[in-house]
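Look at the two complexes coming up: chain A is in both, with chain B in one and chain C in the other.
Right after this comes the complex of A and B.
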């Protein structure tokens, strides 16, 4: 009987907590419950959620990517630089950013598998490198239309309407202008990565590499290629996050992206606990991001100051890790 | 970046030919030979548009004076900043500008510099030393002017949203103005308070502001006394569709902010700002006065300027340069002046 309760708690505990949270905020905060509010929660987690899905892929192969926040802000600066200063059209700016993300992922992967640099250190180095490199073209200034360049001319380019559409357009669902574009992209990426990791041969091989790289390699898996691919996926998703951020802000803001990194890693780790998976998984990551987003939206509506939000984020993360590592091990222990 | 190295490395050679020569005849010692004068800028904060502009002001005024400038940047490391003051002392500089920092870590270091016979001025950090003048952009006035404009536009009774993060010195000083206005006008109520410095700051505050606006649709004025905050609130107002029904008042300005304020239907009605480049220039001039044995006063205040959306639109202002041309008081502050100090060429 006890085993059953424990099993149930590990499997559904987090989802029940999530529902409880929604019920509580709906009663306590006027205006929390409703389609508009839901769309806004989703929008506020879309960017970190997309980054978190990328991290999930690296976690699956037993790696880690600390550079995603910096990749996102680099994409933000690169898209602004491309459109405002070089006056490229939208498609060029987007492709440049995606290419940059893929390249950074490739470099991360090569550093790790070819040069044998431990994953945390390689991506940490890449993070600092990117934070610096994104500021060199503008000498540390943010990019906006009308800014004076170092040669005295004025930047005439603008963020094109098509680019801003990516971050600001809202589709009519149920009510007019409800569903923001970044949310659609977030959901699409979540579904694609969920299908890829859970239901394709490639995804399963990546999980195999994560649990025992040597065994996977002995049965003929090209371990290095899959690892590099994981980092490239992570780089590309991070650059998509950066593009959406740029489209929402409408300018190239100087930012380190460290908060993006921390929030998305938290979402991915909380995801371990969802459905008692005890391993990285795309569905859990998406729910983890949503969980944090709902908490923050509800607390802000109830006028909670910013430091309580950090506190709550930390508490949720710790609770999720206890779910994952303690309760899940008890459960598997009891099964023997 | 390049220019900074240019000044440090080739200062003596290059500048003897330039502005330095023109003022040399009448300038008091040591500015009769400015190429032999070295000043150091010891920075605590450096990332972002404000600090970049401040640096450019320091650079151009140092260039106009013909002195050598060394920039020591501690990148928010309080202990390192104190060490850098000692480094500057060891280098034998004539004057030091301390830009931001923590009172606790800088007080002793600043005293050591004074003891070594070096003239010191401090910008936006209180080092508790009578020998060191404070350069300030009046943050209190910044908040007060913005709120006066809010009251002029919206009357003495409205529900307001407010963005504030306690513990940040300039925000704390702007906060004083907000508390005063609330006490003086009982009709003004604070319906919601938000604020975070998670970066990107505008994005993080947009998420919070949107929740606050949704929970309090009666808000008609948002006081966001920092331009990144205001940008976040504006994004939120657009997303919630409340831009037409509310007004945002803020402090600070940049080229990007001008574009946002001028967007059709923008809720961002006014901002109050001090030109950070001008503050940089004033810092150098105050130090120069001290080096020449003159007294700039215990506190040198750079007055802020009110900039409204209507003014930007009427004058068709597109960037900070336009703003400086159309609003001369923004381009130059008439403080810490002397006949022998050459102003940067515009």
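Right after this comes the complex of A and C.
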């Protein structure tokens, strides 16, 4: 009987907590329960969520990608540089960013599998490098139309309407102009990664690598290729996050995206606790991102000061980790 | 036994229901070397861990120089003069510190010299210790920069700083070259002369011939033989270690006709004689030999994990030289590796995922896995091999060791193999499961060459049509199962006399 309760708690505890939160905020904070508020929550977690889905892929192969935040801000700066200073069309700017993300992922992967640098250190180094690189072309300044460049000329380019549409367009659902484009992209990526990790043989092999890489290689799995692929997925999703951020802001703001890394890693780790998976999974990651978003939105509406936000996120993360590692280890039997 | 340095009697130790030591009696005399032999899982390391204070025994007594000895922990055992040098050298040294600090580490730990390290005095004392041991290395060299043999010497020298009464060496030569080992043996001679009682654990016959004054053999958690009359009967010791209780073997000899796997002049190791061998269609060939005889190396080469130094492999007459496991699996050469825990089981997966892991493409529709197909194929296999479980969705961790092993073997029976390599397929498996697996391997043997790599003779007799004996990286004998001459087989495994092994023509 005790085992059953524990099992139930491990499986559904986090989802019940989520529903409980929604009910509580709906009663306590007028205006919380409604399409506008929901759209706001989704909007606030879309970019973090996209990054978190990428890092989930690296967690699946028992890796870790600390460079995602830096990749996102690099994509933000790169898109601004490309459109505002080089005056590229939208499609070029977007492809440049995606290519940059894939390249960074490839480099991360090569550092890890070929040069045997531990994953945390390789991606930490890459993060540092990217944070530095993105400042060099503009001498550390943000990029906006009309800024004076180092050679005295003035940047003439602008963010195209099509590019801004990616970050600012809102679809009509229930209410006119409700659902923001980034949320749609977040949901699409979440579904794709969920299908990929959970239901394709590639996903299954990646989980096998994460669980016992040696055993996976001894059945003929190309372990290194899958690991590199995981980092490339992570790099590309992070660059998508950066593009959406740039499109929403409409300028190459050097200071934005500071919190992206911690928030998205937290979402992916909170995801371990969802449905008692005790391992990285796309559904859990999406729920984890949403959980943090709902909690912050509710607290904001109840007039909690903004500076308590990081404290709350940290508390949720620690609780989720205890949930995952302590309770799951006490659960009788293995399997999933 | 008042003159014994260490006397162990009736030592018992269980882990859960697994009785690892079932009443072991051993006596170590001062100034002599006792060699402890035993196959994997015989209980050697548990015995060592009980003596060196790592495990508390469940029953039995130990006396050290006539006084009761029941170490509370490793530090207690060391302080009373029982010192162990473990197989993994880097457990015995701190790689990032220099030689002097390593030798004097215990001085640093006991704290008698106060807070600050006086480097000059430390080095002077360390030099003295090194000189006593015949060690000639610079005291300031970082241990990580030294060759393995020197590190091993330092680990032993560190042990000697404590002036032990009993020294336990667990496979000390496993990573040493022949000349390096010779230095170690000189050191052992010197320690013996100083009156230290030495327990020497090894699988290498050449080592054992060099140092042993007595041989104690363990099997299944008990002493299965003690040999102390000169000249030592090494073959009897190997027999006591591997056992050869004739089981009711029911092997109908199959010789096959078509050659399937041909090895020509295959050299698997530096300095080893090349191997030439043909395995025919439908044949089950067992490779036996002691640890380090080259069995696993041969399995690795056939499965694409490592590459031969020379020679040619052919399958069905076609050249076969896999560069990777992936390529080998693509050519239907499957290896079920030994040590399933580290090499085969995916702990987070259920039975179905574990079993189908190499062949996920076959149970997919496009990129998507078809759970239905996966379950159908694994369900059939579960029936045929006799895996005891509720459903194929059960986590692999819920199964007993024997059933896990069945899943790992069944994994490679899902698709037809050209060459099936099974490295220690009966590891940690009870006799019932062993019979099930053996029967199934023989029943499906037609259409492929099956190579089984085994340490135990019993197991080889149970499964093979032909037994090939390996030693020093090459084939030293061949025996047909239904006309087995056990004495000759054991002699082949033990190897020729003398420390220098003659190469087989």
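Assume the second predicted complex is superposed on the first by the 327 of 336 C-alpha atoms of A that agree within 3 Å, B and C clash if a C-alpha of one lies under 4 Å from a C-alpha of the other, contacts with A are read in each partner's own complex, and residues count from 1 in each chain.
As a working rule, a contact is a pair of C-beta atoms (placed from the backbone, for glycine too) under 8 Å apart; a residue touches a chain by one contact, two chains touch by 3 or more.
The structure presented is a predicted model; accordingly, all values stated were derived computationally and were not measured.
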| item | value |
| --- | --- |
| Fit or clash between chain C and chain B when superposed on chain A | fit |
| Contacts of A:219 with chain B and chain C, given as first, second, both or neither | second |
| Chain B versus chain C as contact partner of A:308, first or second or both or neither | neither |
| Chain C versus chain B, contacts on chain A by residue | B |
| Touched partner set for A:36, first chain B, second chain C, both or neither | first |
| Touching partner for A:207 - first (chain B), second (chain C), both, neither | second |
| Superposition-derived minimum Cα distance between chain C and chain B (Å) | 29 |
| Those residues of chain A which chain B touches in one complex and chain C touches in the other | none |
| Sites on chain A touched by chain B in the complex | 29-32, 36-37, 40, 43-44, 47, 73, 76, 139-142, 144-148, 154, 168, 177, 180, 245, 248-251, 253-260, 296-297, 300-303, 305-306, 309 |
| Footprint of chain C on chain A - complex, ascending | 195, 199-202, 204-205, 207-208, 210-212, 214-222, 279, 333-336 |
| For the chain B and chain A complex, residues of the former touching the latter | 1, 46-49, 52, 165, 192-204, 206-208, 210-212, 214-215, 217, 231, 235, 238-239, 241, 254-256, 258-260, 318-321 |
| For the chain C and chain A complex, residues of the former touching the latter | 303, 305, 324-326, 328-330, 335, 337, 342-350, 353, 357-358, 360-361, 363-364, 367-369, 393-398, 411 |
